[in-house]
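Naming follows writing order (A, B and C), and every chain is counted from residue 1.
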Amino acid sequence: MLISIGHVTRYTYGLPAACSVHTLRLTPPSFEGQRVLSWRVEMPEIAGAVQYRDAFGNVSHLVSIPRSYDEISIIARGVVETKDKSGLVRGLMEAAPVRIFLRETPKTAPDSNIRALVADVAQADPIDRMHDLMRLVGERVEYAVGTTTASTSAAEALRTGRGVCQDHAHVFISAARLMGFPARYVSGYFLTGDILGSEAQHAWAEVYINGLGWLGFDPANQICPTESYIRLGCGLDSLSAAPITGNRTGGGNENLDVFVEVQQQSSAQQQ
Amino acid sequence: MYGSGEGVRPPYHAVAEWLGTQALGDLRQKLADAETMFRRTGITFAVYGSEDTSERLIPFDIIPRIISAAEWRKLAAGIEQRVRALNAFMFDIYHRQEIIRAGKVPEELIVSNSAFVPEMMGVSVPLGIYSHIIGIDIVRTGESDFFVLEDNTRTPSGVSYMLENRETMMHMFPDLFARNRVAPVENYPENLLKTLESVAPTGLKGEPTIALLTPGQFNSAYYEHSFLADQMGVELVEGRDLAVIDGYLQMKTTQGPRRIDVLYRRIDDDFLDPLVFRSDSVLGVPGLFDLYRAGRVTIVNAPGGGIADDKAIYSYIPEIIKFYTGRAPILQNVPTYNCRKADDLKYVLEHLPELVVKEVHGSGGYGMLVGPTASSSEIEAFRAKLTANPSNYIAQPTLALSTSPTMVEAGVAPRHLDLRPFVLVGDEVRMTAGGLTRVAMRAGSLVVNSSQGGGTKDTWVLQD
Amino acid sequence: MLGRTANDLYWLARYVERAENMARLIEVGYRIVLLPRDGEGAHEEWRSTLASAGCAQGFFDKHETLSTRDVINYLLFDCTNPSSVKSCLAAARRNGRAQRTSLTRDMWESLNAAWIEFSAIKPESVTAGELPRILDWVRSRSALYRGAMLNTILRNDTFFFMQLGTFLERADNTSRILDVKYYVLLPHVEMVGSGIDAVQWAAILRSVSAHRSYRWVYKENYKPWRIAEYLILNQAMPRSLRSCYEQIGVTLDDLAEYYGGQHACHGTATGTRQRLAKGDIDNIFQSGLHEFIEDFISRNNRLGNEVADAYHFNG
């Protein structure tokens, strides 16, 4: 499937921002299920960006803006060809040994609720266990916008029983690690079928299963990723996989607008 | 100073003879002079939580601690072996982790260790060196028994005291140096500079620019930071002086931004870069870590070096040395009980009054129990903490630390001491003969940390 | 050199100079208060001392009435007063400590010793008899520090920024004394020759340590316009505005050569320097002494800001 993506992040400030730096993990990788046909990241000073691969293999850009400004837009766009691999992720350039993804972070630290969740996982076969876990996470964390924030942890999300895709992924990862499976957070885009706003920016999880490799699970949609998923980057949690992070001086009254457009293209359009 | 038999050990002969000819009153006067010198030059040490001003002198003892040339040769060989192995270990841990695959070090001890920094995975550091400046704490328990008490691979401090103690001694007792052939120490700053220059980013053309990053003048080791920057002739910078500009780390000078190639940082990992580590840090530089990863700047010591001096890893160091060097360790570890192991925990709980128990991630002598000097209520309080979180602790037997004559209230008396040699690892391993001798000023005390009232002595390595 | 280092060195010099000037102001105020007069006059004197020191607002925020003890305490020891001698010495040492590597050992030791000794003084134990000794001590410490600097420091940017701090502060101090006391120097025919004026004139000269040198230079009794001329235009008098600006001009030229390039501050300093070099005291009186001083103070402040901008004092 050919998918075009346009992702605009726009910050405006009541008081000018000065001397900012930005880390962008906005460049999707090519691997067996995904081929990047064209991709561009645009923002001021991107020409002087420092490009590198981070600890989890993500192509990253460090951009610094040494002057003051009132608004800034970061735009990523391109065309990606995807294939349905039943969620299997193969052919990625892996930077870290898989055991690293057993590490807990403050966002994924388990509490008694997550331990209880793990105890309820029924199956024996590893893949079945993960599917069961995905089902349980979907049951216990209801999809609800606005009840959680970017800083909500897995334990908090499960306690309140509501959250968005980020929270589903965190709960799933926390539980999977507790069960001894290396698990990671994945950021990306999702072709919803309609032209919607930020919901097309998505997050899910990947679990390492011995003898099989990395397998994706999307507890928010209760499926393993299909050809409608575009994988951007991964990390230990939403922080280390964040597509955009930054630091600035000044810049009071920040206002953030995100617009994501994910559309299927016919191959004719691609020409 | 005294051996197992009667009498003074040979290296101490000349000093013991000299000591015999000195009137106590004169020695006291010299000690007072030394303190005045230290205070005037500003050699002070801030103690956290201490009410009495932010600046205090570390007690200085005017009687030197002496090591023979032969003793030092053995120590130096053992230390060099150790620092090479520690660096090989760090490289491996942050790359393929062969030592875990080989089953020599348990996986969870690395992966779930808070001293392990996953962001460091796969960084190519110049010359493959992570810890360029290492302090190895060594204790002596017998005529030829030296043990490594701990390794300091993060940002060891104290080297300025080693240098100033020698300066003070030479100023006050020139005749003593005439009688003994003492190995010099003043080449340390030059060696440090050479080491820093040797790990400049790969492909850099021209002379690297070096800067020393300090948290600022209220840090306990600020004197040392400014002393070393001065001795090397490099800028002493704070986070607010630095920024990522045009893809490089730059310092804000009177003539605008100027690029830095090697950053000798004296702030902890957590504070280096708010984008990657603690987001509330104002001591570091946003974007610094990304630049490091991209090979635009070298951070010395590398972030994540704490994995090598973690107390939970300590007991595996002999194994680590064998794994990477193929040889048996020259210097021995102190026997250590890992309280995360059930058997060890059981033993420790049964023998608390005999043991020294330390927090795995503690430093500076904080949060430890010294069994033999602790009251029974202190022991019981510690037992509760230990039982609640065993994997947070290790325990070691109380060692019969060597003593050296020291000036105290009552006159000259023996006090326990340790030794911290400073090792530099770059294009070669550079070592200064001796190191910093720390001495427990209270009779019978085994705690030598300056933050706990320990003092220092000049350390002499005699030449043949 | 780091911009922050330049900033610290500049302010280190300003604070040392300020401590010394403060000691001199207290000394002069105290001398006048000691004269046999009614209490009201003594209070007025302290009022103008506080104004010259730029501390009037702060003092009256804390104290309702003027008393000699309160004023001296406020100007010497009060840590809430940023211009007290104690605050100045603390700030000087703090800046010096932050830039320990830029100072020579002699400089640091004199600075550090000054702070250690001064902070050991207990304000409540200072008697009237001891005050002159303490004030002398402050001045001698400042002299010792400057002597150590002049004798030991390399003539590079470290030196230049400290020189700028010293002379901008000194010019500021002299101009503020003139600003507060200018009316004493205005011609009032009926007052000329009265004892009070002579005392006030002497006080102005004393507050810049110029009461003896005046006679060597002018070889006549105090005349108010001569005093004004001496403090504003005389190139030989080391605390005159002209002399300060000669030093500032030379130092900025040195910096321009050292770094290779001029900034806005160079133009501003040259303008002020030329104004003082070509100045004529009769013209100044004619067009208004007070206006002249006020204009000078604002130019001097502007120069300080321009120096800070040009050399990235704040990053």
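In this section, contacts are C-beta pairs under 8 Å (C-beta built on N, C-alpha and C of every residue); 3 or more make two chains touch, one makes a residue touch a chain.
Since this is a predicted model, take the numbers as computed values, not measurements.
*Asks:* Would you identify the chain whose C-alpha centroid lies closest to the centroid of all protein C-alpha atoms displayed?
*Replies:* B
*Asks:* Measuring centre to centre, with centres taken as mean CA positions, what chain is farthest from subunit C?
*Replies:* Result for the farthest chain: A.
*Asks:* I'd like the Å distance between the centres of subunit B and subunit C, where a centre is the mean of that chain's Cα atoms.
*Replies:* Distance between chain centres, rounded to whole Å: 47 Å.
*Asks:* Averaging over Cα atoms per chain, report the distance between subunit A and subunit C in Å.
*Replies:* 62
*Asks:* Hey, how far is the Cα centre of subunit A from the one of subunit B, in Å?
*Replies:* About 41 Å, centre to centre.
*Asks:* Could you say which residues in subunit A touch two or more other chains, in rising order?
*Replies:* none
*Asks:* What are the residues of subunit B that contact at least two other chains?
*Replies:* As it turns out, subunit B has residues touching two or more other chains at 243.
*Asks:* Mind pulling up the subunit A residues that touch subunit B in the complex?
*Replies:* Counting only subunit A, the residues touching subunit B are 19, 21, 23, 48-56, 60, 62, 64, 66, 95-97, 99-100, 102-104, 236, 240, 245-247.
*Asks:* Given the complex with subunit A, which residues does subunit B contribute to the contact?
*Replies:* Interface residues on subunit B, with respect to subunit A: 96-97, 100, 107-108, 111-112, 116, 118-123, 243-247, 274-275, 286-287, 290-291, 293-296.
*Asks:* Touching subunit C in the complex: which residues of subunit B?
*Replies:* 39-42, 216-217, 222-223, 226-227, 229-230, 235-238, 240-241, 243, 251-256
*Asks:* Residues of subunit C touching subunit B in their complex?
*Replies:* 1-6, 94, 97-98, 100-101, 105, 108-109, 112-113, 116, 157, 259, 311-312, 315
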